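Here it is, the structure in full.
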Amino acid sequence: MTQTALSPEQHVDYLNDGYGWKSWLFTLDHKRIAMLYLVSVSFFFALGGLFAGLVRLELLTPQGDLFGPDIYNRLFTMHGVIMVFFFLIPAIPAVLGNFLIPLMVGAKDLAFPRINLLSWYIYVVGGLFTLGAMIAGGVDTGWTFYTPFSTNYSNSYVVATGLGVFITGFSSILTGFNFIVTIHRMRVPGLGWFKLPLFVWAHYATSLVMILGTPVIAVTVLLLALERGFGLAIFDPTRGGDPVLFQHLFWFYSHPAVYIMVLPAMGVISELIAAFSRKSIFGYKFVAFASLGIAVVGFVVWGHHMFVSGQSAYASVVFSFLSMFVAVPSAIKIFNWSATLYKGSVAYETPMLYALGFIGLFTIGGLTGVMLATLGIDVHVHDTYFVVAHFHYVMVGGTIMGYMGGLHYWWPKMTGRLYPQFWSRLSAMIVFVGFNLTFFPQFIMGYMGMPRRYHEYPPEFQVLHVMSTAGATILGVGYLLPTIYFIMSLRKPVHAGNNPWNAVGMEWQTTSPPPTHNFVSTPVVTEAYAYAEGGQGVH
Amino acid sequence: MFESIRLAPESASTLSGQVDAIYYVSVLISLVFTVIIFFLVVFLSVKYRRRHADQVGVPIHGNNMLEIGWSVLPFIIMLFLFAWGTKVFFSLCRPPAQSTEYYCVGKQWMWKFQHPDGHREINELHVPTGHPIKITMTSEDVIHSLYFPSFRTKCDVLPGRYTSLWFQPTKPGEYHIFCAEYCGTQHSGMVGRVIVQTPREYELWLAGGKTSTMTPVARGEELFTALACVTCHRQDTAVRGPGLAGLFGKRVQLANGGTVLADETYIRESILSPNTKVVAGFQPLMPTFQGQVAEDDLMSLIAYIKTIQPAAGAVPAGAAALRRAGFTTDGTP
Amino acid sequence: MSMHVSPIRNYVGVFVTLLALTLITVVVAFQDLGPLNTLVALGIAITKATIVILFFMHAKYSTRLTKLVIVSAFVWLLFLFVFTMSDFVTRGMMGVSGK
Amino acid sequence: MSTEAHPLLAHHFETLDQQRESSTLAMWIFLVTEIMFFGGLFMAYLLYRWKFPLAFHAGSHHLDIRLGAFNTIVLICSSLTMALGVRAAQTGERKKLTGFMVLTLILGFVFLGVKAIEYHDKFAHHLIPGLHFQWDGPGGREVQLFYSLYFAMTGLHALHMIIGAGLILWLLPSCVRGKYTADYYHPIECFGLYWHFVDIVWIFLFPLLYLLGRH
């Protein structure tokens, strides 16, 4: 990071409080750790995106002409593994959450700064493991690692990748645990639970899922490694084991994990909608408790990934009902955000464009999720591109929109710099258009019967695949632009001032970038989103 | 080129219409909600756009009636979809009683089918219209999933266990068979065709095939002798092992006090790992046949055991067994 | 929160109870009680674990939040057990293989 | 704050109480993750025990119930010494604290030693799945499931014991130096929670693995 261009009236902030790589790699400052995460998470996003690009390229034609099947299988597996475990799960919590939660609760740091740094190192080690496995030859099991293919048949680096996921799991556990303790114990006096920004509530709910779910995936991949590496019999059907047990254990974590991915984004959206409508969130308590509701109910719906796996039909019925029930707290959120716009003061800043995009795309993704949870439909569309479209709508259209929105909103706080407004608005539009072009056709081809994880396919699907690949190209451009202007804003700074959006919230009460201990004077506690009450943001 | 874009694959089974119906209704519901939300978001954000830099929103904190409304409405819609979806699902699960049983063994990376009369096919399956067909299946290696998009049904094919699906074709033609569970390198090559024929054509096709094929039941009977099962499992009396007549579908009393339903998976387990569940009143004498019987032979053994009936003096086989399986050669059930 | 120092007497009492329960569980294991064997063994194990949590781990004297944390762990464990077993236990109830 | 900050108070906490509360809460949350971690193993155990009761009984017969019971008692003793150790830390009795920590450590090693004997015995009897498993009695196929779970569960438990022993060794010097007082004892308390948790896991493993079908 260049420090030359700082303005003359510079103050001591967390960025210029110490220079050199040691001051970063041994830092205990949650803000610096967040920046470390930002860099590493972006790296994995680019890598996962690269794999996605290659996948899309191969799918341009029905024949497998660009890559052989082995390479293709490795491509989508690495794409899924990297995007889920190394990008989307840590993205918002470890970058934005890490940076902002102490600021939002008025604390000097997270409760356990050392553990926070440790979590980043664990993440890096897990990432290196996975990268190592990838360079050695990759892994071809799909991100779901289903047995007995993964234990007894695959010839790829399953154990190394599994260990990478196992290790990274601990970084996620440590982050969640730090958040919970911080939110319980480090709130500045007077800051009651219902004065907390919804971003904090969402992260609290996320942390619960991280704590309660992640250990189970850890032990599951450990068992997988023991079976594959040492020949123990755990899931092996030839020795009486049940491969469906693996699926239960896997999804016990991996379904709640999708809420690890989306809840923080929902937290971001609450902040953005409030800030750019200059209004408090409609139905604050409902939105707050909806996060908790989603986190809890989300734990008992995992069987919806297994409707045709040989799971008992009666269990499927229970899981179907509970899955659909999650629509209720999700609906509460969507409707409350929409209602917040009513009589607001709506500004079309870039973060707000992303937020509005989130509402629309997550609605589509969520509603198609409900269709998948409908038993009679899922039997036909399970493991087709309908599912692929559904989860990209919620993960890319939902979470990444939220992440990008949050990054654009807090970038001035994190770096003190502004990015070009025109380009950023344009990129938000490009992302929206490219995204829909990429993934909407996949719903159609999915219902037509196009199975996922196919590197060759019958020619009647080609038109839709071409549209999808074209969309992915546009989408790629949409993500490239922010990469460029964010980096440019560091090299040729436009100074943002402490509060460019005139937003309320404790993070805007301190300077941008904040000083090492976050606040020079103890921050003033107000209700969340106190715009009309003359909160500090409004002049 | 664009004529190939359709919204759904050919609808070629009795249930595909039902699946499409619930699908289109949910699409419609989703569309309504999506339009409402898009409209709300666009309309409100235009109407209440910021007009001067210092403008703040009107402080509105919520409205409990609205909250209740927009919680209850999705809940009711969800209940409706759930009930309908479950109904369709149960129809997809439960084959009609008169279904004919076909067999399928999946392995990396091919589908092996067997007709009730013993005909074998690889990656191709001929079926007649107008008759429910149940496929019982298992895998030799990893998990696969047998998927017929035009019949709107699929089911995973697992090693060490039997699963099943059923359909009743309505429209002659050729449709895709896909493997829908990722199973390794050639997963996308594990595809085939299902050829739906009129009963008459189907009969001709059967007649034109190899005539020396043995029905699964006859093959099972042969194995039952060849593997010396008969030495312990006699038709009339319980010798060393229990009589197997009428076993299939019954609840079996076990030595440790429990009971178990004698389905395909149980019979399979009894053959491969006989002492896992010991029948009440018997000693765990039966040797394991693990590694000695191939998957399709196992299926034949099971098919045979299913046909053993208490009353019958002689062991039925061949055409008699075919009839019992609910299938007649002129194609009418 | 002010710290709570338990008298040594309490710890020794807990210790003796744990030893006694261990003895009982071993003795009972050699008796044939049918399905009750498992229930008794589990019941004793749960009792022992509860005693350790309450007294050795001071849960009895902790904040409500800590108690909530402990209880929620076991509730989630139940989620895992109950919902997973709901699949295996109801298999075959429809009489169609694989449903 | 008017009073001088305690030297062991980290900069971002306001008071020692806040710091201690945060640590014990954190430790409990950590134990929750441990419970869920072992929970996955217990889930596998529950399923297979339910499916294959005979094989599990048969497998369990080859475990040495005397060694298992002995180890149970060893762990209960170590829990007592640990609890008394925490108490000594609370009351600031430096010598007692050190003594109890050492006792706990010794008992931990006794446990691990016995475990090693048992493992060796299983090795000698060809009971290690994947290595050279041999089973002459009935149900050999599923007995492998039992032994796989046995090794996975007791192995992970033993790993936790080893980590615990390492932590004691790491804490001992500061115990000797008298770092822990009534004001500042939460490292010992947190470690105690961990040690008791490991004991609790064994409280369940013992009946589930050793006591099955003895009658």
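Letters A, B, C and D mark the chains as written, and numbering starts fresh at 1 in each.
We take it that contacts are C-beta pairs under 8 Å (C-beta built on N, C-alpha and C of every residue); 3 or more make two chains touch, one makes a residue touch a chain.
Predicted, not measured: the structure shown is a model, and the values here were computed from it.
A count of contacting C-beta pairs for A-B and for C-D identifies A-B as the more extensively joined pair. Each chain gets one centre point, the mean of its Cα atoms, and the points for chain A and chain D are 35 Å apart.
With each centre defined as the average position of its C-alpha atoms, the distance from chain C to chain D rounds to 16 Å.
Of all residues in chain A, those that touch two or more other chains are 184, 212, 216, 238, 240, 242, 244-245, 248-249, 252, 310, 313. Counting partners per residue, chain C has 65, 72-73, 76, 80, 84, 88-89, 92, 94, 98-99 as the residues that reach two or more other chains. Shared interface positions of chain B, i.e. residues touching 2 or more other chains, are given as 93, 155-156, 158, 161, 163, 273, 276, 290. Taken chain by chain, the contacts link every pair, so each chain touches all the others. Chain B contributes residues 256, 258, 272-273, 275-278, 284, 288, 290 to its touches with chain D in the complex. Across the interface of their complex, chain D is touched by residues 1, 3, 5-6, 8, 11-12, 14-15, 18-19, 22, 25-26, 29-33, 37, 41-42, 44-45, 48-49, 52-53, 55-58, 62-63, 65-66, 69-70, 72-74, 76-77, 80-81, 84-85, 88-89 of chain C. Residues of chain D touching chain B in their complex: 52-55, 138-139, 141-142. Those residues of chain A whose C-beta lies close enough to touch chain D in the complex are 107-109, 111-113, 173, 177, 180-181, 184-186, 211-216, 218-220, 223, 226-227, 230-234, 238-242, 245, 248-249, 252, 517. Residues of chain C that touch chain B in their complex: 34-35, 92, 94-99.
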